[in-house]
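Report on the following structure.
Chain lettering (A, B, C and D) follows the sequence in which the chains are written, and residue indices restart at 1 in each chain.
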Amino acid sequence: MAERIQTYGPAAALLALVAVFAVLSPQFRTLGNLQNLLDAGAVLAVVTIGATYVLILGCIDLSAAGVMGACALAVSLLVANSRTALDLGPLGVLLVVALGAAFGCLSGVLSVGLKVPSFMTTLGVSAIGLGVATVLFAGVQPTVSDPWLLQWASGRWLGFTRLTYLALATVALAWLVQRYTRLGRYALAIGGGEDILRLSGIRVGRYKVAAFTLAGACYGLAAVMITAQLGSGIVQAGAGLSFAAITAAVVGGTQLAGGRGGVAHSMVGVLILTVLANGLVLIGVSPYAQRAVQGVIVVFAVGATLWPLRHRLEVVK
Amino acid sequence: MAVAAHLPDRRLLVVTAMPVAAFLVLLAALAAASPGLLEAGSLLTLADSAAPLTVLAAGATIVVLCGGIDLSVAALASLASVLLASWAPGLHGWAVPAVVTLCALAGAVQGLVHVAFRIPSFVVTLGGMTLWSALALLASGAATVPMPDSTPTDWAFTRLGGLVPSAVLVALGTMAALAALLRVTPLGRWVRAVGHAEPAARLAGLPIARIKVIAFALSGGTAGLAGVLLVARTFSGAPTLADSLLLPAVAAIVVGGTAITGGHGALWRTLVGAGIVTLLRVGLSYAGVDAAYESILYGVLVVGAVALTIDRSKVSIVK
Amino acid sequence: MTTIRATFALLAAGTLLLAACGGTDSTASGGDTQKPDGACKPEQIKLIGQVRNQTNPYEAAWLQGGDEFAKKVNLTQQRLTYDGESAKQQEQIRQVLASGDARCTVLNVLPNGDSDTTPIVKQAQAAGAYLVTQWNKPADLKPADYDRWIAHITYDGKDSGKQIAEALIKAIGGSGGIVALQGILDTAAAKDRFAGLQAALAEHPEVSLLDQQTADFDRAKALTLTKTLLTKHGDAIKGVWAANDDMALGALQALEAAGKSGKVAVVGIDAVPDAVKAVQDGTMTATISSDGPWQGGIGLAMGYCAATGQLNVASVQPRAFYAKQFLVTKDNAPQFATPKVDPAEFECANLFSRVTGPVADG
Amino acid sequence: MIEVSGLRKAYPGVVALDGVSLQIRPGEVVGLAGENGAGKSTLLKALVGLVRPDEGTISVRGRQVRLRGVAEAAAHGIGMVFQEQSLVPNLTAAENILLGCEGSGVRLGVYRWRRLRELAQAQLDKIGSRVDPMARTETLSFAERQMVEIAKVLAIEERTKEPPVVLLDEPTSVLETEEIETLFAQIERLRKHASVVFVSHRLDEVLQVCDRVYVLRGGQVAGEIDPATADAADLHRMMIGTEATGSHYHDDLHTPPERESVRLSVRGLCGDGFSDVSFDLARGEVVAVAGVHGSGREELCRALFGGRAITAGQVELDGETVRLSSPRDAVRAGLGYVPSERKVEGIVAAMSVAENMALPHTGALAREAQAVEEWIERLRIKTPDRHTAIGTLSGGNQQKVVLARWLLTGSLRVLLLDHPTRGLDVGAKSEVYRLIRDLSASGVSVLMLADSLEECIAMSDRVLVMKEGRVTMTLHTPPGAKPDPVELVKEMV
């Protein structure tokens, strides 16, 4: 029973939210708003996938802000833009995803190699990323003029933006990786019992670094997406997203302690946060109250999902 | 097998002295780039800057020693600043103890929720963070609250003998008081026992719930005091005044060498950690490092400092 | 036990060290001849420009202006950025004032918020450094009460909010619905600018404000928010009023994604390069320029002139003033596309040429 | 197959293995018997590379090896079923069975679940387990997990061409009779192409399954027994050795309990794992509770200390009803508890002797330091000083500190001892016995879950036999009239 509530509780909460907003706001019920919702959640979804891979290890990744800043600047300088003569197009995007992966790899290597808690290494890598972004920014904001990249945000198929499809594809891929690859399964296993994996002779460090790298690649992709949306390279592209992603993952049922949850859970969390932000505007809640309402709902959601488990948890830290 | 136990004393000494060494090396390096840093005035100013951070991290260290974490301290300090600034005209000098007490109570409430509902401290204090922030916004009307008369807080922002900043003494005093509390009463060993081995502590008949609530209350109280120090130096309270100090405060605790997993650590370590973090925050730009590279250096150095100072023999799995 | 002893030993050693340093220093400061105002040699002067960060075009341009002034007088500007952290801003200022000769230090500061100005002013006054603040200050704090705080430069937010609102109303033909994107709610800039919008709306009752939300001055948030507002109000939206250009540009992207680019008028404030370009292209209606490079240079120039004795601080009137701002529209956009500083404006004689009036309560 | 010679492993204060030599031949089932702390676990751990011996060699198939981990041992064809299970809770049973060696179940890093399932099913089939290989491990019962664990070890034989060696550490302790039968059949099957080392507390099982039995005592091989010619009593005698005399248990210090003054009175106590338990404990009386795993005695002991919920019944202490909802309540009422998992629940390894001893104590620090010194001396705790980390002490000295914790308060009325001598060497055990005698003489009542039957009978004034959560029998065991352990065993199972 407790197991079920943990798995399906967030989904039920999401449905309840949707139902409430649908009743209160006629605009919420429109197809246009669905398209808007999915578009609005696209970037957060990709960032949250990255964060989820690290969370299920039992680690935490706070590097999204910095990594995304560096990647947003990098991509806007690599595709056709107002500052450099480069016009690498898709290759540029790939390079930036690789740059994100490199940052993730750095976090992983520092955590595993130096045995420093991931909390600190990712914070450090975030600062490094912001520094790199600032160096690339050099006082002049690059404006993207590559029509191909800009089409990501404005082009639509069946009414949904291409970013929506890209995010959906990434989610599907991430789910497959988690379900069907050794990396995905071992990441889950590391969260469940790292020592047992070591006993079995598995090189845990490698898989940890790989998970961090995957997270970094997600941040890189998210930075490209946000740059496509905004049309310029912005250092603060990822500001606040680390926090939002971890909140989304936790609300969805991916646990901070690791080993529980996964991509599907986290995506429910992303939808909850996105629906909440969208719905509160549509039903006309005062801007002052919105943040407080969001905070309370989040804590309530987490509390509710943990409630049935409270007797099983001997030691809660 | 207790690994640490087999360490020769010399290794133990190295592990203990590492944060201090890291601080001195950093100071020396920055001083080499900018000799003015070593002037007495400069050093005292550095200490002055570190004071609110130190106080903020002091109580949170006790929560970390218990094996938990308190992410609400910065938001609580902001709330404290707003309350102090709004109450000072009416309550005069009594506003300070009132605010600190209230913050201690707020911390205790978080502790109670954590203990009674068995919600991880990370989540409870995360929720606390949003709640206190929202309350601060409401109480202040989303604006800065000026302190027309700064007498109630002047004691926290003067220079004794024209030289020593009083905030530094407040910070050292807070540290000393907490350290004494942990040493003179059984609280110190209880907190560490809970952090090291909660099952053993429970079966030894320790009042686990009460210990944790006290830890969170102390954390809330020092957060309130940190808010007071901030009001004293900005002559106003603001709903986001201390918010940016959360990560530096946690960094100060970790860089000092207190294990985030609980049990192992000490208050003096946080004192040194706050020094290191302040050096990184202020010293780099002071030494003329360009803002872009400052951020990169900060990242590298903070990871480096933690790598040097944490005692890996105490934890088998690093998360 | 050993750890405690070690700690005490270290503390003792540290205290000794401090005492030793303090000892030598106190004699030095005792012998410090009180420099009369304006007695600094040009090469003694330390120029410091402090902004939030250099990762947005406006503040980057500000620092650029500071550099250009410094070059003009053969000095360099020390750039300080505090990442929007009030505490860090205070720490940095305390630190630069703590060493060296503070009495020949010139600070041109963008305080993080109103409340941050008070401690900055008090510290500069205590250390004897020359200070110019811009944008934010509490109403009851007046430069005239201090002899080192040369001036507070700001812009009439109500005026700018009203100017762009009027441009917007004109662009939508004098009637229809608009939405407003507010800045961070607890900032004076956000409040004043919104007050300007409301004033303009009061004069034009045929224009209705459909919705007002906050996007925290942030481009990405404005993008998402505008999309939501477009869903909510659909074609009723004829114009978007944004409290700064970043949000205006975010709104612009949202409109583009909705295929409404050019059909809905957008206005902002700050004249960042992207916005000026958008105005040039006609996708944006108007923005307001406060001339960042001038701001970055003028504060240092005032301090420099005061420190070298070419400006008598007491004679400045008014000390807290509004500076001239420029409405950027399609007609004059090209000249704002590449902001340039005019060195002549930094001459000690021309320092106050852009004053448009005293700050009402300052 | 495996030849161990002169293996020695010392921990601070304890010599766990003291020159152990033995052989395991192909196709043989070798039993290891010995009391707790005899060195069985250490020996097994050395064979799978978890413990590195100080001296001595291990040879596998004639080649000397240095094993540095379970994975390396597996490469040599040695696998172990751990007593404390080593399964990842959030993976499927199939993944756990094949963990680290998925073979054709994973191609190029991509899982082929169907194949994986088949491979795991093949292993489970070997032991006739009906566990669903795709079930998440944490949803399985303890016994089911044990079967998964065995299947996991059996998977080793797929990996090495050579016949494997399978180490089974207490594999039957939680299995049902039927499952045990299956396991034995499996061992029979394994014997054809593997060697098995079998460790069990149940001596009859050891004798039933094994070809040869090595008896370990005090870290040494005390002898070898041929099950064909020996019975459980022989085996037991060899395990206990000659030390098990009255002096070992300090019979001379025994004081008769004051029967007329009842200290602890338990009436109709119910809780998870036990029900309707009633008994009295007189002043100065030592009562041992005997029972097999699952008899509910551990749960009862925990519940009396407030560590588990009591659902019905009442407890009176010196005539007053006490509420025991947390260990804190119990301590305040004058109860003390020595848990069996000393390292996890008894001590805080990183903290000092003084801090551990005075853990629940609240009082003036100066007096406390004095009291700690006093007890270190009185209990002859071997420690450099009171500031030494307790983790560096030997098990016996750690246990004395845990005991002293309850003596320090001076208000101890009832002491609950959960396997107080587990993992201690002979000398240390004897000292703990002496301490129990002293306490009982001073009027403290003791409820004890003994480590061995011998201990149970020797130390107690009375023995309560528990079966399936109920007290089924009370046996008086006064000095001079001690019953035979074999009788007791009959009552227990």
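Details
Here, a residue touches a chain if its C-beta (ideal position, glycine included) is under 8 Å from a C-beta of that chain, and two chains touch if they have at least 3 such contacts.
These numbers come from a predicted model, not from an experiment.
The chains touching chain A as well as chain C are B.
In terms of the distance between Cα centroids, chain A is separated most widely from D.
Think of the whole protein's Cα atoms as having one middle point; the chain whose own Cα middle lies nearest to it is B. Averaging C-alpha coordinates per chain places the centre of chain B 31 Å away from that of chain C. Between chain C and chain D the centroid-to-centroid distance comes to 71 Å (mean Cα coordinates, whole Å).
Chain A and chain B have CA centres that are 29 Å apart. Distance from the chain A centre to the chain D centre is 46 Å, each centre being the mean of its Cα atoms. Annotation for chain B: residues touching 2 or more other chains are 137, 142, 199, 291-292, 294. Along chain C, residues 53-54, 185 each make contact with two or more other chains. In chain A, the residues touching two or more other chains are 130, 134, 137, 288. If the chains shown are joined wherever they touch, the resulting network has some other arrangement, not a path, ring, star or complete graph.
The part of chain B that touches chain D in the complex is made up of residues 1-2, 4-6, 184-186, 189-190, 192-193, 196-197, 199-207, 263-264, 314. By the touch criterion given at the top, residues 11-12, 305, 307, 327-328, 330-332, 337, 339, 344-351, 355, 358-362, 365, 389-392, 405 of chain D touch chain B in their complex. Residue ranges on chain D touching chain A, taken from their complex, read 50, 69-72, 74, 86-91, 95, 99-100, 102, 106, 109-111, 113, 139. For chain A in complex with chain D, the residues that touch the partner chain are 3, 179-183, 185, 188-189, 191-193, 196-202, 259-260. Chain B makes touch with chain A in their complex at residues 67-68, 114, 117-124, 126-127, 130-131, 133-134, 137-138, 142, 198-199, 247, 250-251, 254, 260, 262, 291-300, 302-303, 306-307, 310, 312, 316-319.
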